Amino acid sequence: MIRPLEHILIPLGLLAVGGLLGWSFFLAVTGDAGERLAPIALARVPDSGVSNPVTSVLLNFRAYDTLLEFAVLLAALLGIWSLGSSGTGFQPAASVLDGMVAGFVPLLILSAGYMLWVGAYAPGGAFQAGALLGSAGVMLALAGHRNAGLPSEGRLRILVGLGVFVCALTGLLLMLFGDGFLTYPAGFAKWLILTIETAATLAIGATLAAAYLGGRPAAHPTTGETA
Amino acid sequence: MSFDAWLPAAIVLSSMIPGMLIFLLREESHRLRTLLNMTGALVKLGLVIWMIGGVYDGHLYEARWTLAPGLDLVLSADALSVLFVALSTLLWLVTTVYAIGYLEHSPNRSRFFGFFSICVSATVGIALSGNLLTFVIFYEILTLATYPLVAHRGTPDAAHGAKVYLAYTMGGGALLLVGAIWLQALVGPVEFTQGGILSVSPEELRVELILIFFVLLAGLGVKAALVPLHGWLPQAMVAPAPVSALLHAVAVVKAGAFGIVRVVYDVYGVEFAYANGLLLALGILASVTIIYGSLMALTQDSLKKRLAYSTVSQVSYIALGASIFGPIATIGGVVHLVHQGLMKITLFFCAGNYAETLGVHKVSEMDGVGRRMPWTSLAFTVGALGMIGVPPVAGFVSKWYLGLGAADAGSNWVIAVLVASSLLNAAYFLPILHRAWFRPAPKQWPQEHRHPGRFEIAGALLWPPVITAALALSAGLFAAAPFTPLEWATLIAEREYGR
Amino acid sequence: MNALLTVFDLLLTLTLLGLALVTVTSREPRRAVILFIAFGLLLALVWARLRAPDLALAEAAIGAGLSGALMLAAARRASGRRTSPAEGSDAEDAP
Amino acid sequence: MIDALPLAVTLPLIGAFAVTVSPLHARGLGLMAAVLTVASALSVTATVWSDGVLRADLGGWGVPLGIALEADGLSAAFLAMANTVALAVSVYAGGYFKQESARHFWPLWLLLWSALNGLFLAADLFNLYVTLELLGLSAAALGAITGTREAVAANLRYLLVGLLGSMSYLLGVSLVYAAYGVLDIGLVAEAIEPGPIAWTAMTLMIGGLILKAALFPMHFWLPPAHANAPAPVSAALSALVVKAAFYLALRLWLDVFAPVLNEAAANLLGILGAAAVVWGSWRALRAERLKLLAAYSTVAQMGYLFIAFPLLAATPPGLARDNLLAAVVLLALTHGFAKAGFFLAAGMVQKTAGHDRIDDLGGAAQALPAATFAIGLAGVALIGLPPSGTFLAKWVMLEQAMILGLWWWLVVMMVGTLLAAAYIFRVLSRAFNREPTPYRFVNDARTELPALLLGLIATFGLGIAAQPLWVLLEQGAFG
Amino acid sequence: MTDQVLYAQLLYGGSGIILVLLGLWSFLVHAALLRKLIAINLMGAGVFHILVAIAYRGIDTPPDPVPHALVLTGIVVAVSATALALAFGKRLDQVDD
């Protein structure tokens, strides 16, 4: 059976959109946009405190975007938490997997630390490092750890908000006592970026792992949490 | 801002502020509520008296508040507005006394009196509006404030009546709004000006202007209960008696009629309206309404419905006065604004009293009420005779000037309408009077209430109709004295015709 | 060398698009997710080719890895509920 | 140095962190953050009012490399409205939510607030994308906070539609960056020129925003999502979140795509708006539940806002156009206050009655005079009766329509107005019945007063004292 | 800009557009949550792909870091949204059971 919407209208519409998009994109790429922001950004990288251009943009030139991005992560996790607790978790894994996890997780954590550090001058940075941490959490969850290796709820709450908090606080302090919001003073940029990145790595890792659990961490005897 | 600018605003606020405060009162705060009500009414009356003196001396009162560029809220006082303000302020005072007595021990009084006060503020605002925008604003507020009063009793009948009322008045309001916006888009801000502002309008706008006139007329005609837009008025009779008084005499229908007078004289200008046949159309509409309303009144057995159709008919005298070219008819129409108010409010108070004391709601139940409730019936008689046009009650003065004006303008058919309607008035009022005074009372009244210490009814319910009847009588008797409605109407006519 | 690169680019792109096509057309949830993960990994490879190693890492770890893991868990639940008729019906209200 | 622009965005973020960390004190901390946020936002508006356009280069790099925040009259006006409404919602929420829900509500609410302020102040197209996503995610999460089937299903749909909208917007941004190499709104506006690129980008970006603003026929997600959320959330969603999408569409229309506009696009938006007015009002009239009625009314009211586009397009620059623009903004602001007040009051009625079926609301409506008054006042503003800001705004818009000879917009708006009167009075008529007289006007000040105040602002504040808005909009928004 | 670079930009950007269209199509015609999510992620990937393509400036020229940063932000937003949507879906299943 032919459903007119699905079989005719949508494909036609998509074709039209595609044509328009393709044409515009062609004109945009072949037009006189020049090198866009690349030369300006690359020229300022040496002043940014880090030598990886992407990290400079993310945590210096456009650090405000990144602050809001941390907030997006937090919002998603809080939304997940508001829908209930994580439930029973996964079945304990077979011992083979368990052994593999035991070796793999520390490796992931180590490489996260490494990734965070090299992000200043080579590919890597807080997001990739955070993702590795998060993967470690996922592994633990798959291996049957009820809380994916995450700390108690109280500490977890601090951890997941750390990215937003440290970045916003840094910004505000720089505004109150320095040159402006998220305007790093010369010479401090590297360390401030590293501080924010460290906090962000922890937050991203904890958030992603907690998101994988799909609910608030299971009840902890001391918090008296209810579903 | 000088005091001259504050006075119109103060007159509006003198009832608005007590109204707002009353909403917040607890239901049992009977004394405080009465105090607020009466203070507001008396302060307003004082301010209005002050204003009357000022306007008589040619003083200019104007408050102007810019809402947005090109949109000003203007409150100003000319002779016509003062006439309406004085009427509604005086009648509001009386009606408030009546309402306090009428609604004693009934529920939701804070809500009732709050809206009651806002209602009169809106009416005064309509009267004092200095431009079409301000008029529209207060006109709509009046609709909003009267809806809760009509719905007040909360019975299915009340809900239905309120719904019908709302449907009509919202529709009318929408038309008025469309007309006002359309007009403003054509000629800019429409300030009410003696002699009208359209006499200088370019020729090519003529057709549009005529169209707009009818849109405005339809919008105003709903509240003024012009046939065929009168349907809400008999339905709204379910409201408590003070509300009926308010709708028929103080506020709503008056606002419509007043608006028609404003649009004819101070927007279009009587010359323009006459030259383009607008007056004739209005006159025909008014005449049809007068005859139709009277015929319908004749067939009603419910006293309040009979009075309601009588209002349909009588209010159109005002529009009729505006539709006849010439100052004499103008005097008749404008003065009827006051006279009809005084007489009709008397009749409604009396109807309320009959219902309250005897449970009498129908004309057929009124045999012998004269003996049982002499003062009420006396007031009723004065009002009814006035409606018919029997001298020396005020109604006669109105009809006399209307007739003279029609003769002056050569519109003999108007005289025929007047005669016919007076005959019909007599036909539906005289039987009532006959029953009241000359027929024996039944053994048992439909639902009799004894009022402790009083034979007839509580003072708060008895004095208002007696006072308004006395006023209606003296407005006719002493029509030629200074500061009477007639003298004031003459002043208005002279100014409108620029003499 | 340029010609080689051109052919390489073309092949990469075609593979990527092919993978995307089979991903969106596969009905079985688990299979679709696995294909999606594969797509993400290939996308990471393409981005590495386009001199975006940071993004390649991030896409592999987050776009393919974590999103994939999340979706796999959901797909497992969906497969578990396969018997219930309400799930996966295309007749449901699409915007 | 204290710069209120970043403060207005970061204070709620820090507040969100604080309430996340100590959920037991969510209410107190949340209210504190709310008050501080409002103070900073209102100080932005006040400064724009007195000193003109405010700008902050975050990170000190300046454009085109860095991101700037900018407040002109338009942003300042929306910012002031959103923050006042948000404060009222916060106070109300303090009384509405029990402990368990409060700990979920507050952090998400503060994140949403931050997104709103960020969106109104952003001057960078990509930064706007991030604020849109933060807004969409936190709004959907808040809407589903009760966890009921209807709420979760509706908000899942909202989330997905919102994602689609942001994706479309982001695609437009990518195209803009590809063609012009900048992201700052001012720089893009300088660079843009008529042609297929600008056309496609505008279609994509405004199209995405239409989805988020629930313009007919993309409104299908709104009524269930807004009707099933808890009252304070519904208030925020209906009054602020969709309004933010409209703000952005207007901003792009006026500032970014001004050189490439044409009447066909404007008329299309206007026709969709007209359809929204009629359809939304009609559905509101037929709705059986109070909150669903309010939600459909939002669909209709968003329609009025889009009718502004053809009017703006047909009016040549100058006083008349400035006037029209101010009226449109006034309409949006008034609706923000009115709809929030309506939902807050409806929430109280629902709580008292235990349901929100309109036909059975009599007792609850009569027992809560303050809440019923709030509904009445908000209703007056929703209908567009005087003395509300809506009346004034509609007057200016209709007058301009008549001056331009576009009388059909007048017909549409009057039909919408009458339908609105019908659905509002359908609710208000429930307050008149033979139930016992209420003992006092205000029963629960914490929840009823915010609703009442919002209604008063919509009906009296913005109707009688709207003149300052014209002054504020002279700061950058006109011309 | 060399032809080689232009070719790469157009090829990869064009494939990004095709990915967007594929994702959009799938989003519109499939009702199941998981398929919708995959579709929207695919759309996102397409947009990111376009950005990566325009950032590319040749095999031995450093690319434009700005679009890269935008894409990184976008990836994180996408995973957040995906996680939230899946949690919604899970909740729906729980309520249905």
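Think of it as A, B, C, D and E in the order they're written, each chain with its own count starting at 1.
What we mean here is this: contacts are C-beta pairs under 8 Å (C-beta built on N, C-alpha and C of every residue); 3 or more make two chains touch, one makes a residue touch a chain.
Quantities reported herein were computed from a predicted structural model and do not represent experimental measurements.
Peer 1: Using the contact definition stated above, find the chains touching both chain C and chain D.
Peer 2: Touching chain C as well as chain D, we find A, E.
Peer 1: By CA centroid distance, what chain is farthest from chain C?
Peer 2: B
Peer 1: By Cα centroids, which chain is closest to the centre of the whole protein?
Peer 2: Chain closest to the assembly's C-alpha mean: D.
Peer 1: Using each chain's Cα centroid, which is most distant from the centroid of chain A?
Peer 2: Centroid comparison gives B as the farthest chain from chain A.
Peer 1: Ranking chain pairs by how many C-beta pairs touch, which one is first?
Peer 2: So the pair of chains linked by the most contacts is A-D.
Peer 1: Once you find the CA centre of chain A and the CA centre of chain E, what distance in Å lies between them?
Peer 2: About 16 Å separates the centre of chain A from that of chain E.
Peer 1: Just curious, how far off is chain C from chain A if you go by their C-alpha centres, in Å?
Peer 2: 20
Peer 1: Averaged over CA atoms, how far is the centre of chain A from the centre of chain B? Could you give it in whole Å?
Peer 2: Roughly 71 Å, centre to centre.
Peer 1: How big is the gap, in whole Å, between where the Cα atoms of chain D centre and where those of chain E centre?
Peer 2: 29
Peer 1: For chain E, write out the residues touching at least two other chains, lowest number first.
Peer 2: Counting only residues that touch two or more other chains, chain E contributes 13, 18, 20, 24-25, 28-29, 33, 37, 50, 54-55, 62-63, 66, 68, 70, 72-73, 75-77, 79-81, 83-84, 86, 88-91, 96.
Peer 1: Can you list the chain C residues in contact with two or more other chains?
Peer 2: 54-55, 58, 62, 66, 70, 73, 95, in rising order.
Peer 1: Two or more other chains touching the same residue: where does that happen in chain A?
Peer 2: 21, 25, 28-29, 35-37, 41, 54, 61-62, 65, 69, 72, 75-76, 79, 83-84, 127, 208, 211-212, 214
Peer 1: Going by the contact rule set out above, which residues of chain D touch chain B in the complex?
Peer 2: Residues in contact with chain B: 319, 323, 326-327, 330, 369, 373, 380, 385-387, 391-392, 395-396, 398-400, 402-403, 410, 414, 417-418, 421, 425, 428-429, 432-442, 463-464, 466-467, 470.
Peer 1: Report the residues of chain E in contact with chain D in the complex, numbered from low to high.
Peer 2: Residues in contact with chain D: 13, 20, 24, 27, 33, 36-37, 40, 43-44, 47, 50-51, 54, 66-67, 70, 73-74, 77, 80-81, 84-85, 88-89, 91-92, 95-96.
Peer 1: Which residues of chain D touch chain E once you look at their complex with the stated criterion?
Peer 2: Spelled out, the residues of chain D in touch with chain E are 126, 129-130, 133, 136-137, 140-141, 144, 147-149, 152-153, 155-156, 159-160, 163-164, 167, 170-171, 174, 177-178, 183.
Peer 1: Considering the complex alone, what residue numbers of chain A touch chain D?
Peer 2: 20-21, 23-25, 27-29, 31, 33-37, 40-41, 44, 60-65, 67-69, 71-72, 74-76, 78-79, 81-84, 157-158, 160-161, 164-165, 168-169, 171-172, 175-176, 179-184, 226
Peer 1: Spell out the residues on chain C that touch chain A in their complex, using ranges where they run on.
Peer 2: 53-58, 61-62, 65-66, 69-70, 73
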